[in-house]
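Here it is, the structure in full.
As written, the chains take the letters A, B and C, and residue 1 is the first residue of each chain.
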Amino acid sequence: MARSPDSPESVPPPIITLLTDFGAADVFVGSMKGVILAINPHAQIIDLTHDIPAHNIRAGAYLLHSASRHFPPDTIHVAVVDPGVGSERRPLLVTTRSYRFLAPDNGLLSYILASEPKAEVRELTAKQYFLGTVGSTFHGRDLFAPAAAWLSLDEPTDAFGPKIDNPVRFEVRQPQVDEGRVVGEVLHIDRFGNLITNISHTLLREAIGTAELLKVRVRIKNTDVQGLRRFYADAPPKTLAALINSDNLLELFCNQGRADKLVNATIGDQVEVKVA
Amino acid sequence: MARSPDSPESVPPPIITLLTDFGAADVFVGSMKGVILAINPHAQIIDLTHDIPAHNIRAGAYLLHSASRHFPPDTIHVAVVDPGVGSERRPLLVTTRSYRFLAPDNGLLSYILASEPKAEVRELTAKQYFLGTVGSTFHGRDLFAPAAAWLSLDEPTDAFGPKIDNPVRFEVRQPQVDEGRVVGEVLHIDRFGNLITNISHTLLREAIGTAELLKVRVRIKNTDVQGLRRFYADAPPKTLAALINSDNLLELFCNQGRADKLVNATIGDQVEVKVA
Amino acid sequence: MARSPDSPESVPPPIITLLTDFGAADVFVGSMKGVILAINPHAQIIDLTHDIPAHNIRAGAYLLHSASRHFPPDTIHVAVVDPGVGSERRPLLVTTRSYRFLAPDNGLLSYILASEPKAEVRELTAKQYFLGTVGSTFHGRDLFAPAAAWLSLDEPTDAFGPKIDNPVRFEVRQPQVDEGRVVGEVLHIDRFGNLITNISHTLLREAIGTAELLKVRVRIKNTDVQGLRRFYADAPPKTLAALINSDNLLELFCNQGRADKLVNATIGDQVEVKVA
């Protein structure tokens, strides 16, 4: 009998996403996929990105939070940016309302944990879900990949290790609000040179007011931007401009250019918003 | 009962391809995949490339046409190179004899439309197929990805928006033919530095004749190449040479080197072919 | 009736992996995937890497061997690093105990053949498994991709061409062992700048002894390293150090830095190990 892809009796493949700093030029990621498929050949493996700057836990944490939330419930997210691999740092399994996350205990899940205060956090200890020999340099392949594959076969989370209550988290810095003035910072610079800040649309509306928002002055590195644009092509070319981006965050950009180069910006640079 | 992957009753997963200028270092593409799978978890998502040079609509148009035609019928192709995102530019759904294409109305489908004069062109307007909130900066995620996923669930194309007859198309420049002389240009430079031209094997045979083809002289930037090679290793190393490539186009190359660096070539450079 | 992904009657999709030097900026790989899916839309296609340095057969051979062994039995591995495409070099189909490999006959399978002395080697000659027109520049798309897709549909290997006994193999150089001294070389430099050598843990234990291993001195380019570390973070920052890596090979690394830059190392550089 024909099985339609959207018929109710058709079980979709379990989804496992991967986010790492392993790059594309080696076969670290390919090896992880082989390990997953050797345990669950039905898994659908999706790459979030493998080009997190090497060892940059904060960048990985930001991008994991940004992308993971678009996936369907029950997706298993594996994140490996792991300079401490092989040391005493614990491997984690975190269960949120919608997802399971597997990652080293080094802050990589900070944004996830900040937005999911009731998440269940476990230390991954159950060796039956790891490869036979776990080395000390590649837990992505030897530990996180096989554990994710076993999870996708519906093994219960409590079989993977004990609950813990002290996962490593870096401080998720919040913008400072002071009399109609908001001071935040650059969180991320994307492939187009756009500067994504930690200042949300919600915060701006509360601190400054919806009516005043179009008249704000945004300052970064002694450069001022007047007002918010509705979209990229709404700004004059080759000048710094600002808008609310697709993650509801204030973003500085340069139509037909790169904002990061225009003002020589880096992650962590201060961004100030106030009514002009 | 065993379900063989090639048994007639087994419905293959719908295929959705993605071509963008989003790069691999961000999670734009990963977010699009999440949105697609949240609507149709059975979709098989295939990357064509995400390394179109930022905002380069012509390069995207060429590579989309080159790759898309190899896919099985009913494949859904999503292409997003979209400097005008959020402005008045329309989102399109184009149905050809074999495929559906979703793309911004900015010329990205120029080669597709040139080779499919009877294609049906619709403006994507049906908001029920978009994400709940469509922002103004990331239509790949908010609009094209969900529309592609709904299409893959067999929603009828006429539900997505009205037919239009004036999609934006850039001129697909044809080589000039003049008394046994063909003048075209460099369309694309690939990863190996090969220079792909807009001069087809078919045109050369018509303009110059099959018998004469092996004796042609190809000129680019004051450098002459005598005759056509059968394959790359057929040419002496480190010199400019020419052949008919896998897309039936005249291509200049350098065995064990890069043709683009050898003659300092860029896209748009003139290429002349005549009988030596 | 519900079909569980792990129920015994559920046949997993056949897996086809791809390893090439085609890069991500072109659509060579996307075109290969289209060809595969047009023949077998059920195939699960997995990228090992497409960033083998252009034409570097040795790098491709090493990474193919490293990654392929993690995949489940019956995986079909396609490897294309093929500077001689279109020339007389033969296309190969190699069957090992667990896998089938499709690759040009230029040494790319040297490590596979070295570790699988009883592998069956065939020349791919059966044109019914190729695209209708096989060009002379892109056998990845015209020949290897369709042959892999047909193999995944359970066509018998002996239908693809005759057995041969003289595949091209480069010498897999073995380290020299001499009175408690082992001399090998750098096989591969990974994305983090780590130097992977051809000296295995097994060989070191035999040549030097397990007890002495922690006291060895490793020398590369007049720089000495004392002892082996257990993991990367076990070494002081910014200095050269050594460990046994996840492939059981001696690896030189620099915690919080790049070993390749620290000692200006390249592939082929000599590495000496002896008891200090």
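Just so we're on the same page, a contact is a pair of C-beta atoms (placed from the backbone, for glycine too) under 8 Å apart; a residue touches a chain by one contact, two chains touch by 3 or more.
Just so we're clear, the structure is a prediction, and the values are computed from it rather than from any experiment.
By the residue-number overlap criterion, the interface of chain B with chain C counts as different, with under half of its numbers used by both chains. The copies chain A and chain B differ by a rotation of 120 degrees on their C-alpha atoms, rounded to the nearest 5.
Note: centroid distance chain B to chain C, computed from Cα atoms, is 30 Å. Shared interface positions of chain A, i.e. residues touching 2 or more other chains, are given as 3, 10, 13, 24. Interface residues of chain C facing chain A in the complex, by the touch rule stated above, are 1-6, 10, 12-13, 15, 17, 19, 24, 44, 46-52, 63-64, 66-72, 75, 190-192, 230-234, 243-246, 251, 256.
By the touch criterion given at the top, residues 3, 9-11, 13-14, 22-31, 33-35, 37-38, 40-42, 45, 54-55, 83-87, 135-138, 141-142, 152-154 of chain A touch chain C in their complex.
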